[in-house]
Each structure stands twice: as structure tokens, then as C-alpha cells.
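In this document, chain identifiers A, B and C correspond to the written order of the chains, with residue numbering beginning at 1 in each.
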Amino acid sequence: MSRRGVKFGAFVFVCQLVFLLLFAFLAKYDDTAQPKDTDPTNMVAQYYPMFQDVHVMMFIGFGFLMTFLKLYGYSAVGVNMLVAAFVLQVALIVRGFIHSDIAGGERFPINITEMLSSDFAAATVLISFGAVLGKTSPLQLLIMAIIETILAQLNEYTGVHKLHTSDIGESMYVHVFGAYFGLAVARVLYSEETEENSKEGAVYHSDIFAMIGCVFLWLYWPSFNGGATSGDEQHRAVINTYLSLAACTIVTFAISAMLDNKGRFDMVHIQNATLAGGVAVGTTADMPLEPWGAVLMGTVAAIISVVGYKYITPALTRFLKLHDTCGVHNLHGMPGVLAGIAGAVMAALSTRDKWGESLCEIFPARAGMNATIPCDADLAMTRTALEQGGYQMAALCMTLVIAIVGGALTGLLLKLPIWDAPQGDMVFDDHANWEVSDYNFPQVMGDKGRSNGETDSNTRV
Amino acid sequence: MSRRGVKFGAFVFVCQLVFLLLFAFLAKYDDTAQPKDTDPTNMVAQYYPMFQDVHVMMFIGFGFLMTFLKLYGYSAVGVNMLVAAFVLQVALIVRGFIHSDIAGGERFPINITEMLSSDFAAATVLISFGAVLGKTSPLQLLIMAIIETILAQLNEYTGVHKLHTSDIGESMYVHVFGAYFGLAVARVLYSEETEENSKEGAVYHSDIFAMIGCVFLWLYWPSFNGGATSGDEQHRAVINTYLSLAACTIVTFAISAMLDNKGRFDMVHIQNATLAGGVAVGTTADMPLEPWGAVLMGTVAAIISVVGYKYITPALTRFLKLHDTCGVHNLHGMPGVLAGIAGAVMAALSTRDKWGESLCEIFPARAGMNATIPCDADLAMTRTALEQGGYQMAALCMTLVIAIVGGALTGLLLKLPIWDAPQGDMVFDDHANWEVSDYNFPQVMGDKGRSNGETDSNTRV
Amino acid sequence: MSRRGVKFGAFVFVCQLVFLLLFAFLAKYDDTAQPKDTDPTNMVAQYYPMFQDVHVMMFIGFGFLMTFLKLYGYSAVGVNMLVAAFVLQVALIVRGFIHSDIAGGERFPINITEMLSSDFAAATVLISFGAVLGKTSPLQLLIMAIIETILAQLNEYTGVHKLHTSDIGESMYVHVFGAYFGLAVARVLYSEETEENSKEGAVYHSDIFAMIGCVFLWLYWPSFNGGATSGDEQHRAVINTYLSLAACTIVTFAISAMLDNKGRFDMVHIQNATLAGGVAVGTTADMPLEPWGAVLMGTVAAIISVVGYKYITPALTRFLKLHDTCGVHNLHGMPGVLAGIAGAVMAALSTRDKWGESLCEIFPARAGMNATIPCDADLAMTRTALEQGGYQMAALCMTLVIAIVGGALTGLLLKLPIWDAPQGDMVFDDHANWEVSDYNFPQVMGDKGRSNGETDSNTRV
């Protein structure tokens, strides 16, 4: 036993005990999962396949995408699993408190859609993890996970249930929030030492491991953007995401080659910017964006994202002392903002004639407006298209503010010297967290502390 | 050609010919797959997604989980594929003989649920494979697969159809059976030589390959525990498994860090003990265990499993001469026994008021008991809760006895010197079975026979 | 920027702009995805799970299967992603032109089944990619993709809608076409230089990466063969493919061991020939082939495929100057021809009594023939079984001719010196296309140009 191990272990055990008690006294199976229900709506049949796709994105997708660092693969996939499994429980409970009348004696229900929402909540934290990858201890990440999940769920609740906005693929409530929260934490935790660390680079096979994560994220993104809806909205979400990603991918290859001085592709771009199309189309995926609109979103996202990796991330580090290990600003941040703006524009252009019943389903606060056929919604609100667009923009701004302020304050808390943050040589190194097997690549054997950096051709700047 | 190759090839060809003849004379498509059926129940729509998840668990999950050994990756994923594909056919046939009236001239039906059951049958053998990984030839494994599949299917048939027990995630009939059968085989095949073999360890990237298997097993476990049921039972199975695994995962990290002298995580624990929650909740997954109950099962499973890897497995080797390569005792054995006991306890506490119609669906032999509303079951049995609990315990004991005795006898058969078992340097080495490509890691180049073991920091012990 | 990069980038940007315009002026959401549709048929629920399986096959399956080359992993998985994403868009558009009345002012519809068909179209090109892997530039591949997609879609349209043939798993229209088209291209592009390249081999971990692709292809193949159908046809497609693959796998291991001089398995065979059963049963998968018929197809496919890798591929190289990097002739070519012939035989033997209503569903041109119960089909055609068999053979021959002639002409076009084809040392080397990270394997460090080939025990030849 060691002081560090006992501290971490005790923290987790206390958390797990608290979770257990909260589940025991405040949770219940949803009615559709109750044994007395004789004729349940088969929610599993409806939601399970897409839920599992999203589940794979969280654990395989994020986990392996982050294995690109040559000496941080165990932590990428292992600590990713720890953080995600932790958030699944935190999110179920936090959502229970927010969405159910706990104070009124109600128990919060657990079902397959709550499981899906908890996976989305995990995505938020895992995106932030990408910004601080290699520079934080597991304990810091769990502290961050608790605070971030609470704030993100409150933000989402306000956006959806108070501002009545739409964000089917959670590009604002998950991607923008996770990215800017993580960036704020990374800014506060910034250390000059990190910049001199030669371990921040890939080896050949670590980059191929990372492609496992990239491709699974890419493949299942239509389930992420369409998993929480149904009917024609779901069908459009799937089509739009598929088209946006396809366009984004080939354009990423195009710009990556154009910006290189020898016309070659850069693995960093391929692993990340190819996915920006999924983020960028997230808010508008279920809207009648039309196929060309989806393709356009993917194209713009690819350009923003590759340019971000090539020029913006290095500039942020140099001028703002903001070190973003995975470049989440380029994959989740800017494309997420783009998605939010696109959502506002679509909302401002929405009409009952063009959108049909989807208008009321996507924007319940617009029920009855501009309609020849009235919607069935019982809300008495009658927002205009422009008003709805304004609310969408307001939700985006609120998300940015809460994420950045919340992240900065969390960063201050994480700076306390009690969380066993990795120091010096241990940054970007699995030795900080793991009993490590023999390396199977020669250039790091015997020079674990080297800092000459002569071979780091693939560092994330 | 070589004597060894011809022996193996001839064995497989004869088996495949026998399978072909048995399929030709005794099998048929199930009615729902018959071309004359004009309005089939769409079994594919209902079962296929979860079937495919389980299918991935068998071939990717088990296959890659076993790639952790530095020099045995081809065999892990390749021979796993051979054995699984072999068992799929054996199990279809064996199940046909057991469940259909072949003697009465009936043909046994093949459909998607039989395919799912055959995948479960494969799991049984693949668990046993884990205990003897690296120490057996492909031929030995196929012999073992035939015997084990017959015994396991007879055991399951007796437990389900004669003792009328419930084990929805097959924690007893698959996990306990597979683990103790494999351990008995491993005990009989024990050789001092194995203990001195320095190849029983991981390199950095082999451990990351193993995480592919681990994570896919983890993700799709709700499909394993819920794939064979439906309705609210299935919904609960999915929820309980999800919660149990989430709790199990964070507790595994906690104990792993607490037991290490520097507070670090051990990859062996993460790859394996995180999954114990899926096993432990298997028997009770469809029961009204409540969310806190699921979380508790996962927590206990993690503790048992990590303690097992850290202390019990080395003790078994030292004192019982039982070498368990993958530690199946800790992942499948003890958590499976825990699952069986939990199933008995739940059965003993079950009441019609609390369980509703699920009581009859899960325990058909209890139909009519303690009920205000009678079940529709046409069984005339009227077991009490305590009796049902007793039967569950009896099924667990029967499983242990058949597995251990069957495994020991199978081990004796496999000791015959005709099966080309790997010897000396060939233990834990792909050279025994494969034409091997260049290694891409330096520490094994040029010293394939080394036995100093100085770098095996990650051996399974 | 570089000339090469700008050329590639400009080409892709122009293509993406053309795609965008074509989508804008000629495409629309399918009715079931239109927002005004109040009660849509839930096509997503019906098709999405199998669509996603096929999607995984394209990007993970093909992508990782080709990572076996030690220095070409980035290109395998990365350029595979580029080509597939490119074809998804090309195929949607080409299919729109072929299947909709564009000239008459109609817009072509996009829905989940069109997405599935586009993934099939991608498979065609990715198979051809396998034949020229390592020897072509990304630009050459995109040129090839456009031409091949047009020809393959025209061929399929003619086969299905003019010749009224059946090929549910697209063994003729995808596998045979893709293989022989790619082989014709490879023949025309043949260079003596390639044969002396020592980079055409695997290292230990690259072969394990390749197994990720192999196993996912293997697992999801039932979705490939059954994804486009429904009802009992789909159930049979799933069963037949499962059985064929299981038999194919164990027979592949058997022959591989028998043909080796030390009785060992060859990774090349395991990675590829195990999949031949999926191809071989593709045309007949939905027919009443019976379980034994499926097992027989898998057995024959394994024998053909392993013999192909061992003897035919080297002979093609030596005598025909045809270099087939991935051996697509053995995995897709010969098994696809076998599938086509089997389809013709089944058609020639088909009767209404045995096939029931499936006769009309599978062969609409046979409606009304040999039937006691008339089919509902409104086609007035009344082919005999033998005629239908003849048409199936005609479709196979047409496919071979169009693929070979089209591939040869495409090869000539690709020989033009303007496409930046890799030369000399750059063949089979990621340096041609990528900024490459440190290698993590010692034997290629510092000797990137070596050509002694002493360690290439695992070359595909």
C-alpha cells in the first residue's frame, strides 16, 4: 500500500458507497422495467441498437482515439474507462435530482433512455479529458468529472426545458461544453514544463491504435446524433450525419495534403478532423437541412478543424499558454460552435409549410405559429422563427459562459497540491499511473527521461 | 506436408464431414426460416442486434483479451477463432440431439436463437481455453471443445429443464462450468516447466491489444445477460448489467491502486476484474434486483476478482500446482459462484407481490404459489420460494461437480502424447502453431529461448 | 504547399463541389424522411442495425484487414477511409442517375437503404484497392473509384433490373466485379520493381492489427448477405452465412496446416480464406440452400481460397505478371465465381413446391411458373427454372467481362504519369503519403531502403 494508492482508493470507495445509498433510497426501475408491468412498451427494442453504438463510441471511440501518445496508451484506454464508468453513475444520479421531484418524495427512474443520456454525459467529460490528457492524475479527473457533470446537466436542463431549444446531437450541450470546460481547466493547469516534454508524440503503431477509436467514432456518429429521437426526425439525423461525415472526410484529406510542404497527409488531421462533420451537423441533424446542407456543413467543419490543428492550436499555446493535448478545440470546440450557429440559423428560417409537423416536434415553443395545420402541442407559447433563432444563440452563449467559468474554477481546485498530479518526467507517461510492461519499441528504451525531441514528428503541437 | 499438419488437418476434415452429414440428415431450417412460411414472426428483428453483440464478444472479445501475451497473439485471436467456429457447429448439433426428438425421426431446427445459444456454448469453451492458454495445441483444444460442449449442454439442459432453475446470463451454466472445467484440465496438464517460462508476460502494445477485447466484452455484456429474454425482464437485465459493470470498474481501479506498493494500477486487473461485474450479476440480471443491488454485486465482484488475481492465483499455483494463464478463476470462476448464490438468495426471497408476472416467467416451477393473481403457466408445480432457492443451489453444485470431474478426465485424455502439445520453449510461443512474421519489438529478438525473466513485470501470476 | 498536394487537394475540392451541386439540384430526402410525413414507415428501425454492421465492415473491416503490411498501416486504414467516404457520395449520385428519372425532372431520394447500397458500392472499390494496395497513389484510387462505381452500378442495374437475376449478398455484382476489376488494373500497372520490394511483408503486430479487420468482416458478414432483404429470406441469409463461415474457418485452418512443411498455420490464410465462405454463399444465402448446403459452400470456399494463396497467386505473378497485394483473387474472385455458379444451379433446380412464395420474391421473373399457388407478382414473365439458371450465368459472365475490360482500360488511364504513383522505395511505404511517426519496431529503423528481404517470412505471394 502507498499513501497515493490509499487516497485514490478511499475516494473511489466513498463515492461508490454514496452512489449505492443514493440508488437505494432515491432510484427505481422505470415503469417499463418493473416486473409487474404486463404489457411494456418495448423500449429496449427501440433504443438499444443505437444506445450500444453510442456506448462503443464512449469506451472504444474516445478510449482508443487517445492512444496516439506513444507512452500513454494504458491511460488513454484505461483511465478513459474509469472516468466513463464513473460518470455513468454520477450522471444517472444528477439527472435524477434535476429531472425528478426528489424533494417531493419521488424516486427517479432508470431506463434505457436514461442510460443513453448518461453516456452522453460521459462524452462531455471525456472531451474535457482530451484537453488535459497526460497532464492530470486519475484523482483530478474524477473530481473534474463530478463538477463538470453537475454543471453540464444543469446547463442542458436550462437550455432544453427553460429556453426550449433544440440540440439533438448535443453539439452545444456536450461538445461545446466539454471542449471549453476542458480548455479552461487546461489553461489554469498550464505548466511550462509540459512544452519541453518529448513524450508528447506518437509512434507508428500508437497512431494505428488511435485509428480504431477514430473509425468507430466516425461510424457510429449517426447513432449519436439520431439515437435520442425517432420517426422521420431520426431518419434525417442519420442521413445528414452520414453525408456530413463523408464530405468532411474527403475534404480533411484534401486540406491536410494542401497544407503540407510535401503534399502528404498528417495523421493528427485524419484521426480528428474527419470527425468534425459529425459535431458540426449535430444541432441541425434532425432538421430539414437537405442533403446539400449536410454536405456543406461537413465541408466547412473539415476546413475549420484542419486549419485549427495546423495554425490555431500552436498559436493558443504560444500566445495564451493554453495546451490542448488532443486538440479538442478543433474537433469539438469550433465545430460545436458552428453547429450551434447553424441551429440558430435553421430555427430562424423555419416555417410550418416547409417543416410540417417536425416544427412542433423539434421546437415545441413554436407550436401554432405560422401554421396552417395546428400542432398538437399543448404549450401555449407562440415564438416566431426569429425568436427561436435568438433562443438557440442564447443557449450557445450560456453554454460557453458556464463551461469556461466552471472550467476555470475547477482548474483552480485541481491546482491544489493534494491530487497527485503528474510532475516532470511523469507527464504523458503511463509510469505515473501504471505498472508498465516492457516497451516493444526501441526508441524509448533506456531513455525514458530524454527531452531532445528529435524524433517527434507527429506531436500534437 | 508434415505428420503434425496431416494429423490436425485430417481430424478437422473428418469432423467437418461428420457435421455436414449430421446437418444433411438431421437438421432443418426452423419454421420461421422456411420459404413456405408466408407470414413469419420476425425473429431476426427481435434477436439479431443482441446476437451480433454476443458474436462480437466471442470472437473480438475473447480473442483480443487473450492477446496480452507478448508472443502468443496470433494464437490468442486466431486459435480462438478456430475453436469458436468449431464449437458453433458442435453446439448446434449437440443441442439438436438434446432438445429434439432425433430418435423419433424429428429433425432439429436452426434459427437465430439456436445461433445465440451456440455462441453461449462457445463462450464456455473459450473460458476454459483461457485457463490453458499457451500450454495446449490446437488439436487438444478441439478435443476438449467436443467433450466440454457435450457435458456443458447436458448440464444446462438438466439445470433448466429438469431442475427448473433460472440463469439468464448463464453465469452458472457458462461461466462457472467453463472456468472450473478449464481449471481441472489445467491442473491435470500442470508442468513445472511452465513456471520457468519467461514468455508468460506482456509487452506494452500487447496489453493495448488486449484492451480491445476487454472493452468490447464490457460494452456488450448487457446483450449477453439480456439477449435470450424479452419484455421487462430484458429491460432489467440491461439496466442491472450496466450498473453492475460501472460499479465494478471503478472499484477495480480503486483496489488495484490500493494493493500496489506505489499506488499504481495493474493492467491485469483492469483487463479482467472490470468484467467480473457482468458475470456476478448474470444469474439475477432479469430479476428485480433493484439498481442498488446491481451496484452492490458489481462492487463485491471487483473486490473478489482483484484479490483473486493478486493473492489467490499465485497461491493456487504454489500450493495446488494449478496454473491459470488468464486467471479465469478470478474473472469467471468466483464471480460465477457468487452469481449462482445470489440467484439462490433472490429465489428464496421471491414473492408474487413483489415480482408480479415475472415470478412465473423466471421460475415457471413456482407458478401459482404466493400469488393473488394466478400465472398462466400450465405447469402443475408449486414450489415455495425457499424450495426454488434450494434448486438454484443444487444447480450450482451440480455444475461444479460435472465441470471439475469432466475437466479432470478430459485433462487425462489430453495428456496422451499424441496431441502434439507444446513443449519447452514452445510454451506461450506462437512459433508452436504459426509461421511467424518478424517481431516488431526488440527484447525478444535473438533470444527466443531466454528464460531469465528479468523483464516480465506484467506476468499473470 | 507542394505541387502534389495542390493537385490532390484541388481534385478533391472540385469533386466535393460537384457533389454538393448535384445534391442541391437533383437529390431529396426520401418520403419516409420528409418532415411532412406524419406516420412514416420506420425504415431506420428495420434497416439500421444491419446497415451499421456493413458500415463497420467497410471502414474497420477492409481498413484493418489491409494493415498487415509492416510499413503501410496508415494508408491501409486511412486511405481506405478516404476512398470509402468518397465512394459513398459518388454511389448515391450515380445510383440516383440510374434509378431515378433525372432527365424527366425527378429528384433522386436518399434514405437508409440507399445508404446501405452505397456502402455495398464502396465494398466493390475497396476490394479492387486490395489488389493494388501499396502500388497506387490516393489520386489514382479516387480516379479508379469514380470509373469503377459507374461501371459497377450499371452492371448491377442491368443484372438485377434487365436480366432479373438474384444476388442478395452481391457476390457477383460486388465481389466478382471488384476483384476482377482490381486485378485488371493491377495487371496493367504491373512493374518488375514491385517484386523486389522487401517492404511487402508483415511484422508481428501488423498481423494482429489485420486480425481486427478480419474478425469484424467475419462477424458481420451475415448482415452483408442479409441486410437488403427481410422476412424468412433474411432469416435464411443469416443462418446460411453463419454456417458457411463456421465451416470455412475450420477448414481453412485444416488446409493451411496440411500444406505447411511443419504443420503450422499461415496468417495470410487465416486473415483471408476464413472469409471466403461469406463470399461463396452470397448469391444463394436467401435461397433454401439447407444447412448442409451452406456448410458445403464454406468448405469448398476454404479449399479454393487457401490453394489460391499458396499456389495460384504466385503463379499469376510469375506467369501473368499479375501482382495481387491482398490476394483478392482468392478471397473475392474465385469464391465469388463459385457463388455465381451456385446461384445458377440453385435457380435451375428451383421449384414452387420447394421454394414456396420465396420463388417469386427471389426470382420475380419466374412468377407463376410451376406453381400451384400463384405468386402476387404482376410481372407477366414466366421463366422456367433452367432459363433462370441461364440468366444467372449470363449475369456472371457479363460481370466478368465488364470488370476485366473496364479495369484494363482504367489501368491504362492510371498509367499516365500525372497521378503521382509511388515509385521505387515508396512502394508499400507510408512515407509516400504520410508524415510518418517514429517506427516502433527495430528492423526497419535506419534501413528504410533495404531490399535484401531476408526477414519477409510472411509476404503475400
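FYI, a residue touches a chain if its C-beta (ideal position, glycine included) is under 8 Å from a C-beta of that chain, and two chains touch if they have at least 3 such contacts.
This one's a predicted model, so the numbers in the text were calculated from it and none came from an experiment.
If each chain is drawn as a node and touching chains are joined, the picture has every node linked to every other. Homomeric contact chain A/chain C: same residue numbering on both sides for under half of the interface positions.
Distance from the chain A centre to the chain C centre is 34 Å, each centre being the mean of its Cα atoms. Annotation for chain A: residues touching 2 or more other chains are 49, 205, 212, 440-442. Every residue of chain B that touches chain C in the complex is listed here, in rising order: 1-13, 15-16, 19-21, 23-24, 27-30, 32-38, 40, 42-45, 48-49, 52, 55-56, 59-60, 63-64, 67, 73-74, 77-78, 81-82, 85-86, 88-89, 110-112, 115, 138, 205, 209, 212, 420, 433-442, 445. Residues 46, 49-50, 53, 70, 201-208, 211-212, 215-216, 218-220, 223, 226, 230-236, 238-239, 242-243, 245-247, 249-251, 253-255, 257-267, 270, 274, 288, 290-292, 295-296, 299, 354-359, 440-443, 455-458 of chain A are the ones that touch chain C when the two sit in their complex.
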